[in-house]
Every structure is written in structure tokens, then in C-alpha cells.
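Take a look at these structures.
You will see two complexes here that share chain A, one where it goes with chain B and one where it goes with chain C.
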Partner chain A sequence: MSTDTKRRLFLKGTLASGVVALAAGAGLINPRQVLAAWPKSAFEAKSVSEAMKGIAGTDTAAGNDKITIKAPDIAENGAVVPVKVDATKISGVDSIAIIAEKNPTPLIANFKMGKSTHAFVSTRIKMGKTSNVIAVVSAGGSVSTARKEVKVTIGGCGG
Partner chain B sequence: MAKSSIKIRAKIKKGACEVKALMKHPMETGQRKNKKTGKKIPAHFIQEVNCTHNGQSVLAAEWGGAISTNPYLSFIFDGAKKGESVTISWLDNQGGKDSMTAKIK
Partner chain C sequence: MTISRREFIRLMGMAGAAGMLPASTFAAAKRPSDLYEIPKFGNVCLMHMTDCHAQLNPVYFREPSVNLGVGNAYGKAPHLVGNAMLKHFGIENNSIEAHAFSYLNFDEASRAYGKVGGFAHLASLVKRIRSERGNENTLLMDGGDTWQGSGTAYWTRGKDMVGACNLLGVDVMTGHWEFTYKDKEVIENIGEFKGEFIAQNIHLNEDAQFDYKFSEFSGYNEDDNRAFKPYTIKNVGGARVAVIGQAFPYTPIANPQRFMPDWTFGIKDDAMQEMVDQVRETEKPDVVVVLSHNGMDVDLKMASRVTGIDAIFGGHTHDGMPAPTVVKNPGGKTLVTNAGSNGKFLGVMDLDVRGGKVRDFRYRLVPIFSNQLPADHEMQSYIDNVRKPYKDVLEEKLAVAGETLYRRGNFNGTFDQIICDALNTVNDSQISLSPGFRWGTTVLPGQNITMDHVMDQTCITYPETYRREMSGEDIKLILEDVCDNLFNDDPYFQQGGDMVRVGGLDYVCRPNNKMGKRISNMTLDDGTPIDASKKYVVGGWATVGSKSPGRPIWDVVADYMRLQETVSIKKLNTPKLVGVDGNPGVG
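Now for the complex of A and B:
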């Protein structure tokens, strides 16, 4: 991330809502210390690349077949889509983020692993329409992704 | 809150501790409209979830409104023993919070 983008994100955050966002803005510079500050700009980003920049610091990440996403091929109800991300084949995973490509705000969640925590999370997400679910895994500064398409017959965002 | 909004099951499986948690929360995205008034329902969702074991953070999650209503979360970590406890706490965007501790079985 260039200094200029960082600054821009920082400014955006500051304008949005004072102290909390300021802390989040500062957190973007060092994502690992962000425990107490929710990254507002990343969660409000409208595109996958912005969301990835906000959460992982880059939007160009190679696909990695060591990451597996378990999600239904067809989700009847977009309001409840079970998703499992397993990156246990990669060592030293710091965080796993889940993104739904075509949601109004694509970033869904970011999980930060402790030292003894396996690189595995399972949760349930909402999806607006059929799209790819993207898992963004950061391990020791390197970022890799995996994606899986989920067909949604009834959307879970709005409507 | 009389009853905790969090349910936790923590179990040792093959030497690692598997934690499953269910939280009660509306998880309102802020994009839905009230059909009668046409007004937007304000966003109300869990932003941060922290899981600790022996005072050490094992998982810190940041969530957006796109996590399902009554969120489910499951993860696995090493180094836990039977009888020890895990604590999960959440904080939402309207300042609400809750916390719950459970024994590992």
C-alpha cells in the first residue's frame, strides 16, 4: 500500500466518526494491533479490492489451493449460508477474512488467530445474490486467497 | 440481561479444543427497510468478538452486518485442558455487549 492510499484511508476514517474511526485508521497501518478498533472503512468499502486493501493491505493476492472453503453450491436462503474456511495446511496464519464478492459491502468478517489457534473458522453469512465467496488468508505478511461460487436463490441482504 | 445471549460448547477433540458458539443478536445490516414506513431499519450488528483462554486471546473477530442473524462461530485451538475455561465476549455497533464463560469438556 502506498503512503498516499494509506493517508487517504486515514483521512476518510477521521472524517467519518472521530475517535473510533481514527483508531481504525491508525489500525490500518498496523493491522495486527487492531484488536480494539473495528476497521470501519474496510467494512464499508463497496468493492472487493477496497475491502481487501483495508483488511490485508493489498488487493493483489495469488490463489492458493491449500485453502479450502466449504460452502453449499446452492444456498436456498441467502440469509444463512454456512461457510467453513480451512487453511491449516498453511503455517503461521495470522488472519482469515471472508468476502462475498457481490454483497453491497463485500467484507463480511475478519478473524485474527492467536498463536495456538488452528487456521480454521466456521460461521454463517448473509449473501445478497449468487457470487464468489472469497477467503483471504494472511500468513506472516504474505496474502493468499481462495474462492468458491455459491448460488443463491433467495437473497439475504435487504429485500 | 437476565440470561446470557451466548451459548458455548467447548470440547477436547484429538488433543485440540473445539469451540462452538451461538450468539443471540438481530444482526441488522442497516440496508433493510421497514415495509410499513419505508424507513431504513438502523444497523445493529456485532462488530467485535473476542475469545480468550487462560487470559490469552485465541481468536479476535471483526464482523460486518453480513454475518447471519443469531451468529454461529466455531474454531479450534491447541493447548487447552479439560476443566479449563474459555470466555467469549462481543460488542455491537450500538454499544451493547455480552460475555460468557464456559468450561472445556
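Now for the complex of A and C:
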């Protein structure tokens, strides 16, 4: 089996587990190598709207309070901001994408879920400046989102 | 003039000591014969000190004349100053309490009532309360910012304060500036501390989890990944009291992350809720309190979201609040206190705990007037010994204060202005930037400024200065960023410091606006508008990124002072405020 095939199988079974997210965050796995249909235009899109169209086919998805995003209010280090998205309250999740609104290329990741996968992803993302982190969840053809602001500050001057 | 204890008691009788107590709670309370006669109540006495910033000896400390509240915080404690604050808490004008809690009439009242704080005087009060209430009925908590803020703390790497706290009998503490020593030193100091160091909101980051250098440290828990013990259970007055620690959530952002590379902080109020629930379930406590370094606005928000906490004993924002704020939440009510700074106050909360519940409480924030409380001999000789090796350096007279020199307030204080002027003069810069810390003691007009005072204002573990070119745009970005830490209308985005201090630069500030829209009309001292694309030579200190190359700030300031007999400011670079008319946070 080639390395890529192994990776693909590995991803298929356990994509959403923390281990994989960690590996992806650490740069061990390059999504470009493992996803069969690499949505190049979405990942290179310069706006949230384009990125969403590229991965979900629409840029007008409703907010959904069944999705929770866990991320710091203020990032300790903009280069590695921990983000967790929990969509386990939604059934039949096909994918979870993470978008950093003000990044030059906003789409950070799009996790494809296997059939029996727990719809929870955890990773670390890079953020240049204060912006919303948006989770885009696709489930059975319906797309919904949640957002949380993460502040990236120059720091200093604490009391 | 300094008044004697006897004279003081006479004056107190005249002034009416009940004035310091919130009228609503204590209207019927019998007037005590002296400030330190605190009527017994209930069975559990929780004492709380916070943010002493290593001030072992008595000091002067001026409370702020500008402490603006925006959004929901408008006009509410702690964003009240001067007469508005006295009125809110029912404190009589011109009383000793008015002096303790406000900036009003500061110089004259300071001369009349003398210095505040000092560990020897604090120790006397603590001993008195312990003996009145019974040692077994009391607990002494320290909210942190204890190991930093003086020359001796810096030179002994916080150890002088660990020793002083051990002597004082601190039972439990949490931290903030404690973490600005090297992590190895933090672990060592906690090892020497005889109380317990607690923090529910500090975890190992992912890198540190693989190979943690302090895996042997007793506070570390591999299972929940917490770097320190999160809570402790104490038996006080026959009740089981759970104390949960909350360290300053933004330590690696407000201070250099390089000193604490393995630890990740944060408010983590969901983890706090889990902790409270778990403690209530497994430990069956009668009382649950949080010892917090969140800052008061963050505590108020946390209290409205997290249920099951009886009281939050807060610090960080240095708000000397005479009475707690009662916060409603879905589970009931939580008291939120804040106990000031620089050793000036001791918070005393007496609780009536029966049948597994808090039935009632009394609270006082007791000002420590060193003329009114005898110095504890043991503590005083400890302090004298600690200072002995550094005495000559610390007591060097640098100049005479030409006016009241203070820092505290949302914008430039006079001592900040001296620091900024020193940077521009000694380091030959056009504009200077100095951090908006809330610590730093006050010097009265005519008083000698010593190296002690300069260290009180500047003593940090990253004191190096810089001189570099910045564009007008960069400078505005910095001002906007720091201003948002102060005036963001969501307290969870506030870091609890004041606005960055500036020298050689004037501006207009609109605190109620959103980030990016607060700062305008930036000009040099001579009125020349700042050009966004032009470069300016900027001097500063306390960089949180990488270490700056210049001399420590205290040497720069001392040099500047030695050149002059009397030090005064030429001009206060305080911004013109827009949209704050009528705000009770401006005096």
C-alpha cells in the first residue's frame, strides 16, 4: 500500500479524532495529498463568500446553535490558535470546515466525515489579525454555520 | 502633620466611622470606636489581600481620578471615582475612609493620615482578627501580584515575598506577575511557599504535554493536564470551605510568553463551571469561593454565567471596593469583591454558615493606615533584613518631587509622564511609550524621590528599553490595540491594564467607539499632526515580544532625575476625551 493510500484509509476511518487533527496541525499530513477532490479554488479564495461557495456550494448558510466553537477570546499566539468545533448534536454530518474571516485566504480546513464519525474536530490555526472564526457544517445537503470572534492583539501593558 | 492614634480615634468618633459601610447593609450597625474594631459575625472569617506588588513597607497610594466604564459597565462599580464613588457607597466626604477609597484631597489627607499598607502593619491586623475570631475560624487568601513590584522582589526573584507571606500565614494564593519570573523559579518559589498555590485555568500546552520538564511538581496533574492544583478544601469555623483558584487569564499575552512557554491560560468559564459542579458533588463543601485574578469586570461577567459560587474574591484591576457587588445568575447570587492594591487594604468577609449553606455575610475592605496599626516586630525585622543588602541603592535620593507623582488612572499619571520624559530626554526620542500598569506608588510634593520609588514604578523582569523608528500608522495601531484592551464593551476582551502612556504625543480618545475608531487627531507636542506614512523615533520599554536591547528603564529614569534638583512635569500628555461628559468614572 502506498503511503498516500494508507493516509487516506486512516483519514476515512478516524478523520475527526484529535490525533488526526493534531497531525494536521503539526503539518504531518498535507490535506492536498489526501483528499481525492481537492477544492483548489475554495482554499485559494480570497473571501469568505467564495470559500463557502467552493466547499458548500452556497454562501448564505444560517447560523446554528447546535454547533459550538471552542477557541480563546484572545489568542495567546496568533500562529497557533487552538480551535475545536463540535457538531455532534447534528446528525449525518458530512463535513466541517473552518474559516478565519480576515485571513488573506480564509478557508483553513475542510474535514470530510466518514459515516460513523463523531462530528468533532480539534486543530490549531494561524490567524493574522482579530477576526471571526466560522465553522461551516454540511449535513445531508443542508449547510449551517457558527462563528466566534478571536482577538489577535499586540499584547503588553497588563495591570 | 501626622495625627496620633488617640487623636485619630477622637476624629473618627466625630466623623462617624459608619460612613465607610454601605448604607444599605450596615445602616443599623453600631458605630465602632476605631477603624479596626470589626464586629464579629457568623462563624467563618475569610481574609483577602491582593495585588500588594511586593510593597513590604508603608507607602502612599493615590486612587484613580479616571476609571471609565463603557457599555454595560457605565456608572457601576468599579467604574466610579471621587464623589460619585463616595456617594454610591455612602462614604462621608472628608472622612478617613474618603481618603482611603478616593483620590479627593489626596496630598492634604495623606499628610494628615500618613502612609498606608506595609506588611508589618498588615500582620498586626491579621493577628488581631485571628485572635478576636479564633485562629481556627479564619482563612487568609492572597489573590496574587505579590512577588513583583519592588527592587527587593526583583533581586531576590520573588523570594522576599514568599518569606513575608509565610510569616504572615497566607493559606492559599493564585497568581499573575508571579509567572514573570522564569518558570523554574515559579515552581521553586511555590515549593518554598507554605500555603497552597491554586489555579484552575492553567493547563499544559500541547507541546509541553509530550515531555514536561516539571512532571515531578506536586501541583501537576497528568490526568486533567492542569499545571497547578485547581482548588483546595479548608476547614474554617467547622465549615468546609472550597477555594478555587483563577490566575490572570491573559498572562502570556499581557506579559512575555517566553517566561512561561509550557503553560496556556484563559478565562475558561466552562471549566470553572465544571470545577464548581465537581467540587460541590464530590467534596460536599458548605461554602464555595473563587480566589480570582480575573479583574473585576471579568469577575462580574463570570459571576453572571457560572453558577454555584458563593463569592469571588477578586484582584488585578486594583479596585478598592468598599462593598461587594451582588451578581444574579441562573443558580442564585454571587458576591464579587475587589480589594485594591499595594498593601493598602485587607478584605474581611464574615460568613454565617449553617446547615451546609451560607446564610448571611458582612464585608469590609479595611484600609491599613500604618500610623493606626502597630508594626509587628517579627515582620518588621524580617523586612529590615531583606532590605539590608540593597538599602544603600534603594535609599539613594535622586531628586525632590515638585508635585504629586502617581500612576493610577486610565491615562497618563504624573509619574508616567516623568518616565516618558526621561525616555525622550535620555534616549533622544520624539515620542515615548510606557505601559499602563496599575501598580506603582505615589510620591508627595516635597518628598524625596528615592531609587525605591523608581523601582516601585518600573520593576519588572523585562525592563529593557528600546529606541526605534515607527510609522505614524504603527503608532496609531498600538494606541488602538491597547485602548481596546481597556474599553472593549465585552469584559472578556479586557486585559485589565490602563491605556499605554505617551510622551511627546497628544491625541483625542473616544472610549465609547469601536476598535480602530477611538484614536484621532494625533499630534506632536508642538501641534504638528502625525503623518501615517512618516517615520518617528519612538522610545519605550517592557516589550512582550523579544527582549529589547537597551538599558533597564530604572537606570534611564534615575539618570534623568539625578540631573535635576526638583522633578516636575512640563506637560501631561493626557488625551482629550470625547463622549464621556457626565460619566461618573471621571473625576
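Here is the rule we use: the second predicted complex is superposed on the first by the 118 of 159 C-alpha atoms of A that agree within 3 Å, B and C clash if a C-alpha of one lies under 4 Å from a C-alpha of the other, contacts with A are read in each partner's own complex, and residues count from 1 in each chain.
Everything below uses one rule, namely that a residue touches a chain if its C-beta (ideal position, glycine included) is under 8 Å from a C-beta of that chain, and two chains touch if they have at least 3 such contacts.
Owing to the predicted nature of the structure, the values given are computational and were not obtained by experimental measurement.
In the superposed model, A:Val136 lies in contact with neither chain B nor chain C. With both structures placed on the common chain, the touch criterion links A:Ile74 to chain C but leaves chain B unconnected. By the touch criterion defined above, A:Asn103 lies against chain B but remains apart from chain C after alignment on the C-alpha atoms of chain A. Legend: residue contacts after superposition of the two complexes on their common chain; A:Ile125 is shown touching chain B, with no touch to chain C.
Of the two partner chains, chain B is the only one touched by A:Gly114; chain C is not. Using the contact criterion defined above for the overlaid structures, shared-chain residue A:Lys151 touches chain C, although it does not reach chain B. Partner contacting the larger number of chain A residues, of chain B and chain C: B. The contact surfaces that chain B and chain C form on chain A in the two complexes overlap at residues 82, 124, 156-159.
Chain A contributes residues 22, 72-77, 82, 124, 130, 151, 153-159 to its touches with chain C in the complex.
Residues of chain A that touch chain B in their complex: 34-36, 38-39, 43, 79-82, 100, 103-105, 107-114, 116-118, 120-127, 156-159. Taken together, the chain C residues at the contact with chain A in this complex read 176, 206, 248, 250-255, 257, 264-267, 295, 316-318, 435-439, 477-478, 481-482, 484-485, 490, 492-493, 495-498, 500, 515, 542-545. Within the complex formed with chain A, the residues of chain B that make contact are 16, 27, 29, 31-33, 47-48, 50, 56-69, 71-79.
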